[in-house]
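Order of writing sets the labels: A, B, C and D. Residues in every chain begin at 1.
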C-alpha cells in the first residue's frame, strides 16, 4: 500500500545516495518537482536512468548529483543541446559523468525485462552500429528454434523510480493518461517508487488511455500540483515551451546556471 | 486499409483450408458468428489456435474442421468438459485431433513474439512440468549476462486471426474494450485478419480501457451484431450462461450435436 | 448455528487462509468463491487478480467465468493477458496463488491434463494447464482447494501440469523456483500441509465432525496424520450467511 | 510565385517523398514538418507514427515535441513506448522512416552520438541514438533529411549510430536487416540516392537554382553526380502556403 506523504519526506525515503534511479517520462509528465527536491536534499553519486534525459537531468547533472547517466537520447526537445550534460561529458564539470548509452528500443526492452522479472530481453536492435562496443549490457542470443542470432539487452533494475501522474485515490492507486511512455515499466522495475500527482481524489473514474498503477506496487504518493512544470500533465496543464527555450540560455553559462540553482535551494 | 465486407465474403478471403487460425478471446468477445461461417463454408484441416478454446472450438472440432489444436486450456468455462473436444481426442471422432499444449503464459508469450517479429520469447515457465516433453516449441535459452537458464517458446505465427470487437469506424479502425485478452497480439501475429463488429460508427470516441487496431493492420471488417453470442460484448450484450450450460447436454451426445450442426448450415 | 455442507466448510476454510491485504491470483470456481468470501468478511483489502487481466476487481456478485464483465467493471486496472503473466505474476508480485486440481499427489504436484492411458491416448482428457504452471511456480505461496477422494489424491500424478515439490525436498530450489510452493491443501474434509523436512503432504487439521481415519480412506497414499492434529472452527453465522448470499 | 528558402524547398521535397496511404515513423523537427505538410497536401491518408506511442496522429498544428499532447489527442491509438518499438516498428510494419543526422557518410550511415575526439573524450557530444538505430534497420525504407555541408556530409561518420549501407553492397543483407535502408537523402540543395550497385550516395536531383558543383563543394567526399541529373519542381503556391501556415 502506498503511503501518501509530503514530497520532502517521500523523496528522502525513496532516493538515496548512490542509487540507480529513473525519473521517467516521455516529454509528458516529467517529475520536475521531485527532481528539484533531490537537488535540495543534496543527493550524490546517483546513476541517473532515463530514455530521454532532458532539462531536469541537465539540472541534476549540473547540480552535481550524478555519477553516471544511462540513456538513449539526451537533448532539449525541440531546442537543441543539454549544455550542463555536455559540459559534464566534454569538460568533466562539475564532475565527470560516466555514460551508458542505448537506443530507445534497447532501453524500453531493458525496462520491460526488469518489470517482467527476467534478466534480459530479446530484440532486433543496434545492428551494425557502434553502440554495442561501448557497453557490456548489449549482447547477443541465439534462437533455440531457428538458430537466428538476435540482440540481447540486460534487464535494467532500478533502486528507485520517480514518476509524475495526474491523480491518485486515497488508497494510493495512481492514474495517468495521455502519452504514458515507460512509466509503468520503470515503477515495476524499481525496488522503491514515488509518484507525484496533481491531486488526490476520492474516486479514479476511468479515463480513456489511462495507465493505472495499483497502490500495492507504489511506495509513496506525494501531492505536487504543477509538479511536472515546465513539462505538462495532460488535461491539467500545457507544456511551457518558453521555459525550454529559456533553458538554452541559462544552461549555456555556468554562472547563470549557478544562479538558477540558488533559486531551487 | 481494412475492407468492410459481408461476413461470408470476408471469411472466404481470410480463412482457408489448412490454415493455422486463431479465433481469439478470453471468455469475452468470442467470434462465434465468424466461426459458424467457417463451419458453413466447410473449411478443413485447420490448425485451430487459442489460449482458451471453449464452446466455439468444440463446435468447430465436432464439425470436422480441425486437424490440430494449439491451446492452453480447453473447457466449458464454469460448466465442465468440452465433449466434442474430448470425443476427438479420446476416440478420434469425427477425426483424430492432434494437440499442442502450453500454459497460458507460454501461449501469451508465443503470440507476443510473433506480434513483435521475433522467432521466440523468453519466460519463466513450465518449470518442472511434463509439458515441455510433449512439444518441440518449448525449449531453453541461457541469459548472456547472468548465465541463468530460462524457458524459450517459439513464436506463434498465424495464417489468419479472427476476433470480435464492439465497433469499427468507416475507415476500418477497430475498437474493443472490457477484457481485451490477446486479441491485439493475435491480429498482429497473423498474415490475414478479420474483425467482426457489433456496429460501424462514424467516429470512435475514446473509451476507457479500449484497445484500438488501426485499419492498416486489419484486412476485413464485417458487421455481425450479436456475433459473439453466447459470449458477450461488453456494453452491448451479456453472456448467455444458459447456453453454456445447455451446451453440456447438446455436446455430450453425437446425435444431438449433429442436430445442432444442421441448424448452423 | 445451522448446519453446513462439507463444500461450505471447505470454502470457508479457504477464505480464512487469505490474510487481509494479500494479493491473490484467483481461478474461477471454488478459489474465486473463497476469495470473494474473504473479501466480504475478514479481508476487505484483499487484492484479487484474475488471469483475464483484471487487477483489484471488487465484484458485487460472483463472476461466472474468468472473463466476466463484472471483473473489468470493478477492477482498479484491466490489462492484456500477456501483461498479467509477464509484469504481474512472473516477477513474484503475487502473495497467494489459488489452484484447483483433478489429481494431486503426496508432494503437492498437480495434474489437470490427462488421466489414465498415455498422453497421446488418454483415458480422460482434462482441460489442461491454463495459468496454473506459472501460478504454482511464481506466487509467494500456493493454496490448493480440492475435494478429497482416492481418485484425486494419488501417490503420483499421471502428468505434472503444475509443479509442487516434485519428488521431495530441494527440488524447487534446484529448479530455481522462487515461490514457496503449496503451503496449504484445503479439502472438504480437512487441511493438509507439507512437512517442512520431507515436503510430503500431512493431514494437519480436520473439519468439524470428520474422523481423521476417514480422510486416510479417501487418500490414495498412506497419509500421515500430524501429532498435533487441529480441528477447524466451524463456519460462523456471518461466514455462512455471506457465502450463501454469494452463491445463491 | 513568391520566393522560397532552401529549407522550405527541402521540406517540400521531403513531403513529396511520402506517398498517400504510407505509414510513416516520424521524428520531431524537419521530418515532422514534412510529414504534416504531406498529410495536408497530396497524402491525406498518410499515417503518422511517433515514437512517443501515438499511432495515426492528425495534429491540427505542428507538435513542438515528440510527446506533445496534440499527438495523443488526435491519434487513432496511443500505446506505451515498449509497444511502439516491439509491436509496430520491429516487425517491419512501417513503410517509411524519416531521420535527421548530424553526420552522414557516403554510404548513408548516420552519426548522432559524438563528433571528434574519441567516444569517451568527444569533441562534441550529441544527443545520441533515440529511436534511430531501429528505425534505420526496420522500416521498409528510410528517408534522411539534413542540411548539406562539408561538416555534415563526411567520408566516414565518426560513430555509426544508425546503419545505412555500412561500407557498401551486401552488408545490410549479411546483417539480416530486412528494411531497404536509406532510399533518399533530401537536403537544402538537392536529393541524393544510393547507387544500386555501389550503395554510394549519388546526387540525382538539384533544387531550383542550385549549381551541382556547389553541392559537391558542400560535400565531404568526392560526390558523384548522376548522368541524368534531375531538377526539383519548385514548391507550388499551395505547398508553400500550407507549409507557412504550419510553421508560423
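What we mean here is this: a contact is a pair of C-beta atoms (placed from the backbone, for glycine too) under 8 Å apart; a residue touches a chain by one contact, two chains touch by 3 or more.
Just so you know, these numbers come straight off a predicted model, no measurement behind them.
**Student:** Going by the touch criterion stated earlier, list every chain that contacts chain B and also contacts chain C.
**Tutor:** A
**Student:** Per the definition at the top, count C-beta pairs in contact and tell me whether A-C or A-D has more.
**Tutor:** A-D
**Student:** Using C-alpha centroids, which chain lies at the maximum separation from chain D?
**Tutor:** C
**Student:** Provide the C-alpha centroid distance between chain C and chain D, rounded to the nearest whole angstrom.
**Tutor:** 57
**Student:** How many angstrom lie between the CA centroids of chain B and chain D, rounded to a whole number?
**Tutor:** Distance between chain centres, rounded to whole Å: 40 Å.
**Student:** Compute the distance, rounded to whole Å, between the mean C-alpha positions of chain A and chain D.
**Tutor:** Going by mean C-alpha positions, chain A sits 28 Å from chain D.
**Student:** Using the touch definition from the top, which residues of chain A touch two or more other chains?
**Tutor:** If we look for residues of chain A contacting two or more partner chains, we find 117-118, 123-124, 148, 184-185, 209, 211.
**Student:** Please output the residue numbers of chain D that touch at least 2 other chains, ranges allowed.
**Tutor:** Touching at least two other chains: 86, 90, 138.
**Student:** Which of line, ring, star, complete or other matches the graph of chains that touch?
**Tutor:** other
**Student:** If I apply the definition of touch given earlier, which pairs of chains qualify?
**Tutor:** Chains touch in the following pairs: A-B, A-C, A-D, B-C, B-D.
**Student:** Which residues, counting only chain D, touch chain A once they are in their complex?
**Tutor:** By the definition above, chain D touches chain A via 28-29, 51-54, 64-69, 71-72, 78, 80-82, 85-86, 89-90, 113, 119, 122-134, 137-138, 159-163, 166, 171-172, 175-177.
**Student:** Applying the document's contact rule, which stretches of chain A touch chain C when the two form their complex?
**Tutor:** 1, 115-118, 173, 184-185, 188, 204, 211-217
**Student:** If we count contacts the way the header does, which residues on chain B are in touch with chain A in the complex?
**Tutor:** Within the complex, chain B contacts chain A at residues 117-124, 136-137, 139-146, 148, 150, 152, 154, 206-210.
**Student:** What residues on chain C touch chain A, complex-wise?
**Tutor:** The contact residues of chain C facing chain A are 21, 23, 45, 47, 55-56, 76-77, 86-87, 90-93.
**Student:** What does chain A use to touch chain D in their complex?
**Tutor:** It is residues 25-28, 51-52, 71-75, 77-78, 81-82, 85-86, 89-90, 101-105, 108-109, 111-112, 123-131, 134, 148-149, 178-182, 184-185, 209, 211, 232, 234, 238-239, 241 of chain A that touch chain D.
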